[in-house]
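In what comes next, chain A is part of two complexes: it sits with chain B in the first one and with chain C in the second one.
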Partner chain A sequence: MDLMEAQQERMSKEKSETLERSDENTSSINSQMSPGDRIRMSSLNVYYGNSHVLKDLNLTIEDRKITVIMGPSGCGKSTLIRTLNRMNDTVHAFKLTGEIALDGINIYSKEVNPTLLKLRVGMVFQKPNPFPISIYDNVAFGPKIHKLSKNRAEMDEIVMQALKQAALWEEVKDRLKANALSLSGGQQQRLCIARALAVRPEILLLDEPASALDPGSTAKVQELMVELKKDLTLVLVTHNMQQAATVANKVAFLYNGSLVEVGQSPDIFENPQKKVTEDYISGRLT
Partner chain B sequence: MGETTHSLSDKRYRSISDSVYKIVTLALCSMSFVFIIILLIVLFHASLASIVVNGLRFFTTTTWNPAINSKVISVDGFSAMWGANYGMLVFFVGTLGSSILALLVGVPVGVGIALFISEFGPKRLDGPITLLLQLMAGIPSVIFGFWGILILSPWIRKFFAPALGKYLFFIPIFSGQVYSSGFLSSGFILALMIIPIIASISRDAMAQTPVLLKEGGRALGLTDWEISRKIVIPYARQGIIGGSILGLGRALGETMAVALVCGGADFLPKTMFYPINTLSAFIVTSLDSAFTDPSGMYVAALGELALVLLAITMIVNISARLLVSKGFLSNPENVVQV
Partner chain C sequence: MAQVETPQEKRKLVEIRGPRNFRSRVLTDKIAKTACLGVILVAFYPFADILYLFILNGVRSISWARLTENTVGGNSLGGGGLSNALEGSLFLIGLSALIVVPIGVFGGVYLAEFSNNNWISKVSRFTADILAGVPSIVLGYVGFSLLVLYFGWGFSAMAAAITLAVLMFPYILRTTELALRRVPESIREGALALGSNKTSIINRLTLRFALPGILTGVLLAISISVGETAPLIYTASFSNYATTQLFHSPVGYLTYMVFVFSQIPTSEAHALAYLASLLLVLIVLAINLASRVGLRRLTKPLESEG
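Right after this comes the complex of A and B.
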């Protein structure tokens, strides 16, 4: 496992290069964080032009837990999760106030390189989006770009590890050279998870990862998420109540851009404090 | 009673206009095919004397000597001038050389413009740049040629060629005597003329790149440049190659602009600074004197040049289409590269 160590070392070096420079500016936030928190959003507001999409959110994401963000369509769930790794930067007229701190460092401060941030905070999208190349090359794509391996053997190891972690290895180990598009939808999504894992992120954002999948594949992805939280911090956006109840440690209910209720699972499902949460959970609100 | 339900077989409704419409449109459609056939027949007929008399020498020699002032003789049943020789190699080399140079300059610039419009540039500049490209594509070629002869050629002779000669003197094709018109001027003028084609087709292809794939790349920590290089360009490769080959087709056949700046050489170029001549430019500049040839062989030889040019452009276009529609380009394995 020398390789993994070497990789971790390289990644942590990158991390320190990326984020440590702004330490002085953010010491105040640091003191507010409890030890288990990885991400803390404080007074977070997001605007697209004139429309106010996220309103004054305060939320923490805990280490090696699954935090589920749920809410009806258009409530701002996707916007919220995409601000966590700065995927919204390129969106026209995107504006953000307040702070998102990753390990105490404001990820929107000038010192933070949004590209390197994405190495620590990976993302899986609603629709499987494998590149139209081989299974192997999909997983190797990130590590190649970021030069995480010295030679072919190391790359093989990275690819195998990532595919094993994504519970896809057994199904594809004999056809790594096959085109990724030949996989089923569920396999494609697990491949995308493997691709994200291959650059060794610490936090994985999943934006409705099972919404385009059949029930069997959905179950597999859910099992996988529970398995992954041993090593990673997960943030999951979903409007599938059952999925939320199955995998969540913490649930944040978002409605109309505001955080209505945050609670531990299963408390929030059994005993919602707010009327609108109860309505949503019982299916009266869509 | 009879009018309460609609009959399913009323002859009045089987309208004759439909049949007429089909026949007329079919006739109009087949006109392009018929026209190409007629064109080939006429060209072949006009150049038959040259094909028979000049044979393979037409393709392998560099001397174009009509010997208009010698005497008419009869060869293989066709009349020809005694001592005349028709070899197209100079024009063939000039045509291919200037077009390849145009591609070497035009493809990177065109793809760069396309990338700027579709990926990097601010949205509000898209419209003006596209309009500018369309305007550029619509400029009559004689104006390009006129500009080339007044501005570009002197500039190349005074500054660009000497600079190339100074820094790249160790490469033989960048050394020696500099002529004011020739290879470089022709290649650059052609590049300017094909850039709008390459840029607009590449831009359209790049715009087809699924946002999901680009986001996938961005989420893996790719920079804008890496996304363009690893995802957008490979995805748009089909369009980029298609646009480039269409540009090549245009460059191969371009006449007026090149006729003005090629230098009208009747010898093979030894360096990039030499004057050249192309198939199309030579045809247009020598047609007048061709009609003074009493044997008619000169006109026939020009006809054969035209036939060769037609064959080249057809082969280029057909192979481009085959390449783009079938073959390895449509194989997704080859679309995104690492």
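Right after this comes the complex of A and C.
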């Protein structure tokens, strides 16, 4: 019920966005906000202590599209995606300047509750991290915390929906009480996706979700992502070119903490504008 | 591999010898293994000897009267039974565990989950480590001057239990912290990304999975306190009668009987000392077995395939 309210609130906000927003730090962004954009990063800088990890990024994430952030190891991809739902808040010496607006609201402003933000912006991690409890309890974990169901039947429904959405239902429907760790790596990762979907986020962040999986499982996760973008906005971090080319609508190439190039897929793969991008795509840059 | 080997390849395998020092390396390996085994046996011998002595003499001393009657006599002619000491020991263990377990566990949770390595956590870790190294007789003396005399509780169960609690505290604190730290960070992150706050992550996940480790620490601490004599002599004194009074009433305990009755030159006193030793060993054994069964039950849902 909370979610529905949030959703409605968001929609009404979107409409009145341009009128309301004259207050200090959000003004510049919202004037440029196009209707399809959900997240807008402007002059985003991130530091860990003295090291400057993300340098002056400007990027928008479009609604119900897959935005891929691509780049070599250590370029700041993970930092970037973790910044989008404030997973970095507790990291030592983390500092951020600039702005990240979700539907026009700066998610780092004081009014935003980081916990509720995570309810709207879910995340799936590189290594599958199922909780060592039953499959059912894994998926029900989020809904239980946020009291999204009134009774057992409703919870069953939520769990089933999430597992179906993550294309895992058929494989686990007969053993929901089994320990999540008894699943294969690929199934575990889809379980983690189901777990994230169970709280019905609007945006799902995926941090190299297939890098620890075998090719078959990777293909399944990729299919799943394409399926999910019907209902959700996805942000995918990967250093796997094929994966990026397969699923992406929009590709942002990140190198040494700077955004080198942003383009639509497959344009960016066929006609990269910058030399670095071309080198990376052709495998000369690692 | 075997089926594709040609005769030539086979010969090659046979001809291959290790480097020149290969034989001496094999020898060194064997010597090291034997030496390790030898050390284990040497260390095990006194333990086995002690155990044998206690079990043999302890079992010989078992009698209904000795188990159910109160002690007669104290520092000199020791006789009667040790039911007062057995009850007193269990009473003190229970009371001290009741005091220290919540404090130690919550302290450990604070250190592992909330402290972020701030100065409070550094100071408390340091003091806990020092406390673990303080001789128990010193703690006993502090308990005597502070609780028995200054607070005026007299020789009493409460004074003894608090002294034992102080003794157990560092073990419980540190094992709780370590057990919680062993829960992988990815689990916490996963829960955090679902919008759970710290308290619910601790309640629903980390504490649950650290529970076996925490329990082990608690039982270790209890086992250690079961064997203490010095701090109790200062705080509980000794009594020939069982008591449930918390204050102003001395308490008997098994280690006292081992310590004092073994020095009294009568065979009846020696029998009681042996029986007390046997009971102490059995208590520690029971705690260990209970913890194993408990651990298995606690960790079972983690392994089941359903």
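Everything that follows uses one rule, which is that the second predicted complex is superposed on the first by the 258 of 286 C-alpha atoms of A that agree within 3 Å, B and C clash if a C-alpha of one lies under 4 Å from a C-alpha of the other, contacts with A are read in each partner's own complex, and residues count from 1 in each chain.
In the analysis below, a contact is a pair of C-beta atoms (placed from the backbone, for glycine too) under 8 Å apart; a residue touches a chain by one contact, two chains touch by 3 or more.
All values derive from a computational prediction rather than experimental measurement.
Colleague: Is the arrangement of chain B and chain C around the shared chain A a clash or a fit after superposition?
Modeller: In the arrangement built by aligning on chain A, the partners chain C and chain B clash.
Colleague: Have a look at where A:R175 lands relative to chain B and chain C in the superposition and call it first, second, both or neither.
Modeller: Touch status of A:R175: second partner only.
Colleague: A:A140 contacts which: chain B (first), chain C (second), both, neither?
Modeller: first
Colleague: Figure out whether A:V247 sits in contact with chain B (first) or chain C (second), or with both, or with neither.
Modeller: neither
Colleague: After lining up the shared chain so the two structures overlap, which partner does A:M225 touch, if you call chain B first and chain C second: first, second, both or neither?
Modeller: Neither chain B nor chain C is touched by A:M225.
Colleague: Based on the superposed arrangement, let me know which partner A:L148 touches: chain B (first), chain C (second), both, or neither?
Modeller: neither
Colleague: Answer with first, second, both or neither: which of chain B and chain C does A:I193 touch in the superposed model?
Modeller: Touch partners of A:I193: none, neither chain B nor chain C.
Colleague: Kindly list the residues of chain A that each of chain B and chain C touches, one partner per complex.
Modeller: In chain A, residues 85, 87, 115-119, 122-123, 125, 127, 129-134, 141-142, 145-146, 179, 181, 192, 195-196, 199 are touched by chain B and also by chain C.
Colleague: With touch defined as at the start, can you tell me which chain B residues reach chain A in the complex?
Modeller: 123, 210, 212-213, 215-223, 226, 230-231, 332-333, 335-338
Colleague: Hey, which residues of chain C end up touching chain A in the complex?
Modeller: 184, 186-187, 189-197, 200, 204-205, 209, 301-306
Colleague: Of all residues in chain A, which touch chain B in the complex?
Modeller: Residues of chain A touching chain B: 85, 87, 90, 92, 115-119, 122-123, 125, 127, 129-134, 137, 140-142, 144-146, 179, 181, 192, 195-196, 199.
Colleague: In the complex, go through chain A and note every residue touching chain C.
Modeller: Spelled out, the residues of chain A in touch with chain C are 85, 87, 115-119, 122-123, 125, 127, 129-134, 141-142, 145-146, 175, 177-179, 181-182, 192, 195-196, 199.
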